[in-house]
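Input: one structure, supplied below.
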Amino acid sequence: MKFESPEKLHEECGVLGFYNNDGFDTARMLYYGMFALQHRGQESCGIVTNDDGKLYHRKEKGLVGEVFDGAALNGLKGAIGVAHVRYATEGDLRENAQPIVSRYCKGSITLAHNGNIINAGALREELETRGAIFQSTNDTEVIMHLIAIARTRTHSVEDAVAEVMPQIEGAYSMVLMSPRKLLGIRDPKGFRPLCIGKIKNSYIFASESAALDTMRAEFVRDVEPGEVVLIDENGITSFKKFCGKKPSLCLFEYIYFARPDSVIDGVSVYRTRVETGRILARTYPADADVVIGVPDSGLHFAQGFAAESGIPYGDGLVRNRYSGRTLIKQTQRERELAVNIKLNALRASVEGRRIVMVDDSIVRGTTMANLIRLLKENGAREVHIRLGSPPFLWPCYFGTDIPSKKDLIAVKYPVDEIRKKVGADSLHYMRLEDLQKIGVRSDFGYCDACFSGNYPG
Amino acid sequence: MKFESPEKLHEECGVLGFYNNDGFDTARMLYYGMFALQHRGQESCGIVTNDDGKLYHRKEKGLVGEVFDGAALNGLKGAIGVAHVRYATEGDLRENAQPIVSRYCKGSITLAHNGNIINAGALREELETRGAIFQSTNDTEVIMHLIAIARTRTHSVEDAVAEVMPQIEGAYSMVLMSPRKLLGIRDPKGFRPLCIGKIKNSYIFASESAALDTMRAEFVRDVEPGEVVLIDENGITSFKKFCGKKPSLCLFEYIYFARPDSVIDGVSVYRTRVETGRILARTYPADADVVIGVPDSGLHFAQGFAAESGIPYGDGLVRNRYSGRTLIKQTQRERELAVNIKLNALRASVEGRRIVMVDDSIVRGTTMANLIRLLKENGAREVHIRLGSPPFLWPCYFGTDIPSKKDLIAVKYPVDEIRKKVGADSLHYMRLEDLQKIGVRSDFGYCDACFSGNYPG
Amino acid sequence: MKFESPEKLHEECGVLGFYNNDGFDTARMLYYGMFALQHRGQESCGIVTNDDGKLYHRKEKGLVGEVFDGAALNGLKGAIGVAHVRYATEGDLRENAQPIVSRYCKGSITLAHNGNIINAGALREELETRGAIFQSTNDTEVIMHLIAIARTRTHSVEDAVAEVMPQIEGAYSMVLMSPRKLLGIRDPKGFRPLCIGKIKNSYIFASESAALDTMRAEFVRDVEPGEVVLIDENGITSFKKFCGKKPSLCLFEYIYFARPDSVIDGVSVYRTRVETGRILARTYPADADVVIGVPDSGLHFAQGFAAESGIPYGDGLVRNRYSGRTLIKQTQRERELAVNIKLNALRASVEGRRIVMVDDSIVRGTTMANLIRLLKENGAREVHIRLGSPPFLWPCYFGTDIPSKKDLIAVKYPVDEIRKKVGADSLHYMRLEDLQKIGVRSDFGYCDACFSGNYPG
Amino acid sequence: MKFESPEKLHEECGVLGFYNNDGFDTARMLYYGMFALQHRGQESCGIVTNDDGKLYHRKEKGLVGEVFDGAALNGLKGAIGVAHVRYATEGDLRENAQPIVSRYCKGSITLAHNGNIINAGALREELETRGAIFQSTNDTEVIMHLIAIARTRTHSVEDAVAEVMPQIEGAYSMVLMSPRKLLGIRDPKGFRPLCIGKIKNSYIFASESAALDTMRAEFVRDVEPGEVVLIDENGITSFKKFCGKKPSLCLFEYIYFARPDSVIDGVSVYRTRVETGRILARTYPADADVVIGVPDSGLHFAQGFAAESGIPYGDGLVRNRYSGRTLIKQTQRERELAVNIKLNALRASVEGRRIVMVDDSIVRGTTMANLIRLLKENGAREVHIRLGSPPFLWPCYFGTDIPSKKDLIAVKYPVDEIRKKVGADSLHYMRLEDLQKIGVRSDFGYCDACFSGNYPG
């Protein structure tokens, strides 16, 4: 069920909310938006709609196009809705699928969450000591409990959220639906993106701006780190009580997670990647005949490298669009074949040539070694590797699923040793100081803890 | 998805628990037992097993034979397990499927419940006022919350249960599994049945004794009304703190719900039905050529009537074993055809004859009218109806799904009017005073509120 | 996927045809009729409809209620249709599912067939020698080839059928649909039943008359052995060129295959069974307290035995209506449990009593032994077995799936040895000479080859 | 179920055969190869394996990754196998799924076919006149009949094929499996590709060489137009009786159908596309800031154009990898949204720029108009269209599914009118005389009838 290579890092989820003032088909709007966010999670997905307090929901394992058909969408009525796509680890409970719906003292509450709560374990324990029960192992259910408790002594759901935010530490971008309100909430450090869109008089919350394009909505602005944005019958209201801290947006959103056609906190993901490629070309030039990228994540870095270096850009590897669900393979031979199903070398492009191959990063190193071997088997004379990010050295506590240190090649070996292990003729990582300069806003802060070990305080 | 006629009353669920001390295959034992309880609920079913604290579960809509295959059963590991078959009304939430599993301060707790809690709404409201959240609309989740709260101040799960029992009013037979214990619990009035079985050194809780036969286990005894029975590594322990009230076992368990091969609180269901038929034959004799029953629920009443009256017993209607899933029919003609799919008249048995037809009860009267019409179309000269129970006149608050008063034919019309409406040549109900005498133990109390309006105090 | 006990014999299939002159929903009419024939085959089923020459079809593995839903039926348009339910042996090809559709020189032809062609192998070989190709291993495809070849030199499909009938030997009742005609065809010996029904101005062919009841149609008459009945725009036409041979209707249709509510060639199946029970009571009386039948096939024999002997009729075994799809069991213990899932003893009926248990037949003897053991475990003092048919001794070449001689208990042991092996206190078979007298028409012939070894010449 | 845009042309199918001399897992080898050919057909797929004459098969609607799981592959035993992926038009019969298996005088024969037989209708009629029956509407079944008939008078299946080839006209590349042989057959004009691969001592036939890479096999050579290649226990044998005509390989295989990493008849598909882009840049230069391609088919043309012109190559459109199964959309708005799900503009790349956008061809023109509008909405200053093929003007009789003339934009309008209709600032087609020069072998002939109207004689 995992479509991305295990070589790649993963993030937990994409969220969407829609507050329909114009008679759109709420479920279909969310459905189209989910397609645009599918890259953020392929394990399960769900939509919950709200027809004047009555809820309709469907959430299942599978891709958006598998889980929802016309009949399913027709059954999801109402003018407010929340949707979620989920990345999940093996053995994950079905109960963990999102959005999560609960009934509580004020009717129902629905939550779709992207992020990771650092103190979730402690909060959970404390709640359990008071007699709480949990049906999932999600951080989201912990937040739900806290809001329900806060709601017993506050006048509105937004007040309850305001009471809960100081209690939870970590990364969260979330969309919350009560019987008559839709809230977009982003943690004070803004680790994960969340933006606001508008179509006619209707409002949208989405993890990435590309979802707005797909819904043919216009981008309004990002939700600020620490901000709570409320949509209800009175329109849009902003609460900025927790704004003002120095943000720590995850740098890896630019490098790998987000779609190239998204703009996050004012910065184009595509432009960042092309610029990174240009910097790599200036910092670590190579004498070569062609620049190729590893599909799909390395292509834009490679295009930047080519434009800057003047070396022609070309394709050297062909991705099979249909290889999604290859069987899990048990023998070494089957594993080798499986690599070949996903990517094949373009001999006509590669043979007899000196190649620069750019990718976003190296995690374990095995896929990179396979690709270099494949290129050389197809006649490549030299293969020079350039990487769009610094080496991964540290764990992430904010929602990125990084393997344990013992599996990180950069923890175990110096750069030249890595070069030898993967079989490259040269290999260079993007320098952290360069990465901090490109594209990103000077007035903003970024989290680079996985490269630097400097965790946001 | 409803296999029984809507004419018939329904009860909510059957429960099972297994504490395996002998290396049996826990999931398969529960699976076989569930088949024997399938008549108590065909909407959804589930098994949760417990492998030294680690839980495995599967619950889905559908019959036992559809939900579980070999792979599903192989995935359910562990020596303790709980199972449930569920009857449900239209629009029921998927979250309501049972057993329900929660994580709480002492690990996990799993609950399978048969019954109806009268004060569930009030308890729920009170819990919500304190900040509780609910993911289903089940009474079971309310009980779960109460146990979790009680558990924060008690030394054991059985102590927590003892603290909760006085708080809940109504009907409940349930099986509870904690990481190392299995509990069978029956409400102080004993509305719903629950019994204990044993196979080698392993223990079983089951809604009906027929499940024990299917598992080839021996019947030990019924759980007493108000009793909590604990199975753990120390064997079997009984807590009778809430025993001693006059019981109110649901009479309709004998009349319709339970399997004929079950023995409940010391009384054979089959024998009760045959004896009822005999009493009907003495009280309301008929001059007829053959006694037939409405399959399957009326057959044993009819056998008793035939044996007592000396009129030969025969089949007059043939039931189609494969008619379970007929499409919902939209036109009047399709509805008529659907009746014919399920039951067909045996013209060779019926033609030219005076017939006594016995059934357990009449609810709305429409099916009875159809059957009499079918018999007459096939040449029956007379059709005399005898019913194994008194008229339904009152609602049930203890778990039986009785239609609203406006749909109960006995509320709307006197007996002779009913006879005319269904087209019978004579029609008689079992008298309540007779029903109270037959089969059932003189030292026991029964709930006959649906007939008498006398609700157990 | 086999729902019947492997103890029982099986026949291959039930057929239906509908020629709609009244604006009925053709597919739904066939669907309702198929439910009534489901007992003749549970492996696969199919409907083909014909909308002015354009065909719509659906055939799949599974029961009627599983294969067809509303959408599937809505997709089957047209005023003529053919349907089929199929019994199949392990490893059967999906291509063998029926009805079979072919395109040929005159458009399309659709065939649904019940029976067995003795010379199919030879015909197939001859066709292959001439260059024919086959996509299934069905006899039906052989017939299809012969009709297509005959059609090249005849003026109508009924002429082609007339040319083919002398070429094929064996048992066949079939329904054939051409672009504008519907034909019902029965082999000259009439081994398998086929009858004609009418509803308003529309015509039906069906394997059994019970299907007509389910469709609320009236029975017109049986198709005669050797007759070809044509329905087209000119109404109904009969061709009797091959009629007049002494028929050989399969006796086992009365004993076990057919529904009790069917009337075949003028004789009621139910009445035959009751009468058989009466003869058994006179021929082999027993001193007993209760007469029980093995559900469902033995019940009517038992009712006859009880009525004749004056011993009360009662239920001694309870059948589980939901046990259809029990998992295939691998261990001895699982096999024992599986028996208990399907049938349980009614201790209250059995304990301390002397029992006469009647069944239709004994094939291998293992199920009978299990049932007698079950009754004795539940306290039966004596168990006397009476069987509605003579011993099986010979193979069937006309469509009944009888195990090989080495598995037939009656081939291996004399009656008294069988009695000992199954653990009965007495055991008697129906005598062939008695069977030949009851119910059945004196002017008709029957095939009793499986009992007598006298194969129809 | 159609994943490709209806704007694009389609071809019918990809074929594979495997003759296993080394103990490989035959079904898994075919499975991996099918992934590499999935672009040639996404409607249905199938594998038939042959275990010493006993056949195992599975064919279903759906993608390879959906139809086959581990259990399905494990069930496909044997050392010889044939596989097929199928493109199909609406309303296609399930019986048309391939490979087709028939039993005939010499056991079984299995056929997987890519192409279109021009005289299939006439052959079919002739066969029907002789009494043949057909269960599909496939050309393949016609070929099967002819081979079966020829086989009755020839000494081997290869002799039968030799007898049939002169009877059939049109395009066919096919793999045929008899109980002990595997044949690769290509029509005398070689319209469709077919090549031979080898891994250890085992042989492969495949529609494209990329399938060999995926199976990690080596490319041996193309099957020659008119050649029959036989693999059996004696190794590989070639029959060239029908070779030697001037070939007519479909030019559109290079332009669009085939994978870029395939080499067909000695010419790299990728190199052909890059070279075409270079010619376009020389013939129709443009003053622009960036060259983009329409994903995925236009990218390599664009890379060639960029390399030749010196204008930087970049991405201007982002393809959503997960958009395969978007619901069919009913309203105009939904259709617009559906376009946006599949492709989104990269504003950061497009805004304020003059763009050259290259694609392989224009069929109806609606998608091109949408894309240009999307680019302009995202700020593109100019959009210059260059197309890798000449205008489509004529129908194809050799297996390419070209819309009728009334839907072909190039039939209806002159080039400048097309430019205006799609909203381009300039628009140029590849010239046919240039196309005939690039890449392709001078000693070979190509079919360009869809551009020129010159059909191969």
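Note that the chains are named A, B, C and D in the order they appear, and that numbering of residues resets to 1 at the start of each chain.
The rule is short, and it goes like this: contacts are C-beta pairs under 8 Å (C-beta built on N, C-alpha and C of every residue); 3 or more make two chains touch, one makes a residue touch a chain.
What you are looking at is a predicted structure, and each value in this text was computed from that prediction instead of being measured.
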Set of chains adjacent to subunit B and to subunit C: none
Farthest-lying chain, centroid of Cα atoms versus that of subunit A: C
A-D against C-D, pair bridged by the larger set of C-beta contacts: A-D
Inter-chain centre distance, subunit A versus subunit C - centres from mean C-alpha coordinates, in Å: 61
Euclidean distance of C-alpha centroids - subunit C vs subunit D, Å: 49
Length of the line joining the C-alpha centres of subunit A and subunit D, rounded to whole Å: 36
Interface hub residues of subunit A, defined as touching at least two other chains: none
Residue numbers on subunit A that touch subunit B, as the complex places them: 100-105, 109, 128-135, 137, 144-145, 148-152
Subunit C to subunit B touching residues, read off their complex: 28, 31-32, 35-36, 38-39, 42, 63-66, 68-70, 73, 210, 213-216, 259-261, 263, 268, 270-271, 274, 296, 299-300, 303, 306-307, 312-315, 318, 320-328, 334, 336-338, 340-341, 344-349
